[in-house]
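Each of the two complexes below includes subunit A, the first together with subunit B, the second together with subunit C.
Moving on to the complex of A and B:
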């Protein structure tokens, strides 16, 4: 792949990279017949940004003979290359060295040439399976208007909530009734539909999304001096931000929105119970599979000593009660696994990884469902006399009835079984390391852990 | 307990914003005292801050707010006393300042109860891009101070001074004191009845004296016992506090009145307009 751009177009490209750098740490570049596309995904995988430059932007555009060309490079190094673009008159992008390096040649004023080789991390690409043209609600307006909305909130704000009604739009930094911190200043901006150039809200919706990525793309809209449109359906379904400029540049940012049954996680982040209707056993108390520090030590202890009371319940009973883990789980499940509890756009890579993990966990569970093999450790508590000992005693009692020694009250018969690492054998367990990207919302209270 | 007020004049709104912004620069929290006719703000009322001085502002409510309704919790109470974050309040009023990009129709302040008490600042803004106004609402969380604790939030008294002078050029004073604070931890204000003020900053290496002459003398508010006719007075104050006060001033006023109470305190007064005054007291320090 090789393409060249003129200076001013290269500056636009640089702006695009700057905006994308505020979203994710890796840049995915894809060249196809229509042009060049740059994408990024954020750490919590709740936002995917993509910017497409059509072929008309480029002076020359050569595709490799094999067809599509895509690569992944580190954002940080790329950002460094495109930092000072004022002097640039001509820019050449190419993939060299047997597709291991991404080369950027910048020809500046005074016959200076800057050349950078960025190593290609992977030949990887991301796509989003979110339909981008079916949203019910669409609001379009000048970037300045969205800028004013964004500027009404402090820079450290994390989320923005939009309440769209057919006759008004209000932007808030809080969810009605959710946040209770009494040091928190609530702000809201109420706008009239007439301020927007296009305002179509067919279905009332209250959506909450991350403002950081929104601002990143707003910055790009400002650089392009273009109109911006936002499209969304309802809480929980993706929020789209689109910028279009002369059919040459097309940007789309897909943001996940807070699902309506999730509370605001910035204040109220707590473990969530995934409720399922028919779970009979105490031992099956489930908790969210969030691999985070919020897992409480206390709870774990309680579970370790849980008595499995009904006798015929097998030791490892998850097989029967295992809720069907649907094959489409990746589309829902990653949301739970992510620390911020957001829903996520389905991304191929993530889905694959998730499917793999699920397969592993399933395999692990399957092997555990059969009679325990030698690798498993379990104890019978020795103080607790097994029931088989009792019948002979009863016979003795019958024989020595004359003596009428009152029989000591029988101990309640129950099997006490203690397992080590009991949580590992629960069907909620997904063998997954806590992701390094997961945000720690509260420090672990137990220092031993 | 009820409070609501409405501003309509753009200039007054900007001035109100400037007063609050000044306070926000001086301290994290401020106390708002709402009386029937006046509105007061106090920052650093407990002298806890080491680097910023006690400042209070008194506003004639009717000037700023054509509509001003205050009813205390009980009929025998005089005030509503609220503590809130100064920066939040300043942030919520920031929209009033942006005069060039958008014009503000009106700004309402309301005491509301939404999970916790807060002052709602509701500004109706007209942006240049559209004809219709939009509403910007900020709910600044506030703590209601019960009447039993009011004793701690009494407005400070204006101290009497032996020498009172009108200071010139605020900008000059600001940059001067900002530089002098790096020379020595204390700064001596030495004034004379003849309209002369010397600012002395003394370090091991140097003594820097800045002399202002032909200042406007005001009648002294305190009779000196020592000398029959008090000609001179000096007071040494913490230079960081002085710098913090001058650095925080966001108001465009050029003149400021300084009162020097010998070995007691420096008193600064900024007359924003009739009945709207910003005061500050810088206590004396031992050299």
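Moving on to the complex of A and C:
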């Protein structure tokens, strides 16, 4: 296989490789009669990116006698070759040495030639059985729009949620009803269908996907100055990102989306994302939050005290039945209130006793309502917890709870344990004479004995 | 030689109005602890060596200096990075410098005065030690295989900069036939790369090649020339069949005065 490209097309190829490098660690190159395709798959196999260059992009294009060519090369070695493309006037790609090496020759200004021989790892290729033309929802727009969406979220953001309705599109970094700690900044961007060149949402959907690969392809769309289209069905189905330029370059990124099974639904469409509760940080936050006069802070405090008992349970196990939470307008306030009665019950059923003790005792400390006592467990209703006044309309009905619970039973002195496992409490090595009843297989050969 | 009475005590005195080029040159040879300074009527030489495989020398002729007084030939050794640090005491501000040396055993005195602030100046005394004669490397100028290339500094810098830094060895080929000038990287898993420049290229000022020479060098040693390469306006590369690589970097001050830094790098022997 051998093909040549002229400078500016070679630069586009280099940009494609740079975008693909942000997705996967290996580059799959497939060449057939219609053109050259570069594909990659990410480590978790949740994203497949492919960029296809039609034959028209190349000055010359020679196929091997077998008609097609597949090779897999390490992404890192490719990146080095295509890093600095400013001076490149001509590029030649070929498979040499009996299909063991991929050769890149770059002819640059000032009569400089750069050449690289990259080892072909093997002849694997990726197949994805994902239908790419059957999505019910399709949104197309200039890359600038999607760039704006991407720039609205911080660089370290991991996932993006798109809520597509026939009359609006909102991009968020969270899922409705997700339980997150107070430090989490929720962002939302709402767009009108009129901003896009094509907006078709036949079926309402809320999809969540990894933003890293999305951004990688967005970068390529920017390099091409092209339109991007996103196609999807609903949560759990693949999310497709397509870029097309002049019928010469076609890119498609297939991302997997968060399945609805991973989040629980309730009637009013509340989704939940189970997160590993950041126990110490939440606890610290509560310690520092003093009973202040502001309403918002109090609400947060109230939420925390019951949330913590909820969250530590979730650390240990995933629970499917959550009490429905009131769904609020997403742009409003950061803290959410829980229906307290249910959460308290749940805690009693399943939480690990020790963790609970720890967590709630800290809650007790923060509230300053009762003197802290490490062995006492305090449950308190949200109305009573802080000494300052809470606006009554914000607090849900709470069950009557005991204000204090008697001291938990201490560990009994189990003397039996000691006698049963007595050997455990002795020195590790106790040289003993073998019993006279056992057979001596070989006499002691130590000359000193 | 020394005419002013105040210089009677000093065997070597020199003054520069702008230390920028001098400072850049000193920084470019800071790869070893000690450097040897040899001052004579022909000029000032500062030599740094590492092992027996790489040597760098700065040549500054007396005309480069605003003042240059020398009594006999002086040579001594100082810690070169200390000298570089003294020169950077005022950061990037341009300073005037005066160097004084009383004689054997006495420290090298450096007086720095920044131009932007007349009220401040600094005096440094760097301890000197007895000199160890630096190795004499020489390329036989009459050798039949002596190859010389003069190249534009920035272009050469770009080429070297783009070489794969993970490579352990660089192989340099100079030939009257194609490839005329080629640097290949060796030792990188899964990727071998090379850069070739044709002799007709604009970046080559002079190409004088008699016979093909191929030699390998440790990439880490070639990279020690990076700092000099970045500030050089012209680079001369000379080598012969022995493989000894001589690189001259010409550095120009704003006043178009020149100083040279010369590197000698020994090749890696091919044990095969």
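One rule holds for everything that comes next: the second predicted complex is superposed on the first by the 261 of 449 C-alpha atoms of A that agree within 3 Å, B and C clash if a C-alpha of one lies under 4 Å from a C-alpha of the other, contacts with A are read in each partner's own complex, and residues count from 1 in each chain.
In the analysis below, a residue touches a chain if its C-beta (ideal position, glycine included) is under 8 Å from a C-beta of that chain, and two chains touch if they have at least 3 such contacts.
Source: prediction; values computed, not measured.
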Should the superposition on subunit A be reported as showing a clash between subunit B and subunit C, or a fit? fit
One more residue to check, A:203. First (subunit B), second (subunit C), both or neither? neither
Kindly classify A:154 by the partners it touches after superposition: subunit B alone (first), subunit C alone (second), both, or neither? first
So, A:144: does it touch subunit B (first), subunit C (second), both, or neither? first
Contacts for A:100 in the overlay, against subunit B (first) and subunit C (second): which applies, first, second, both or neither? neither
Is A:77 in contact with subunit B, with subunit C, with both, or with neither (first, second, both, neither)? second
Is A:8 touching anything from subunit B or subunit C once the two structures are fitted on A? First, second, both or neither. neither
After lining up the shared chain so the two structures overlap, which partner does A:62 touch, if you call subunit B first and subunit C second: first, second, both or neither? neither
Taking the superposed arrangement, what is the smallest distance in Å from a C-alpha atom of subunit B to one of subunit C? 8
For the subunit A and subunit C complex, residues of the former touching the latter: 73-74, 77, 80-81, 83-84, 110-119, 121
Subunit A touches which residues of subunit B in the complex? 85, 88, 91-92, 95, 102, 114-116, 118, 127, 129-132, 134-141
Subunit A to subunit B touching residues, read off their complex: 142, 144-145, 148, 152, 154, 180, 182-192, 194-195
Give every residue of subunit C touching subunit A within the complex, in rising order. 155, 159, 162, 164, 179, 188-198, 200-203
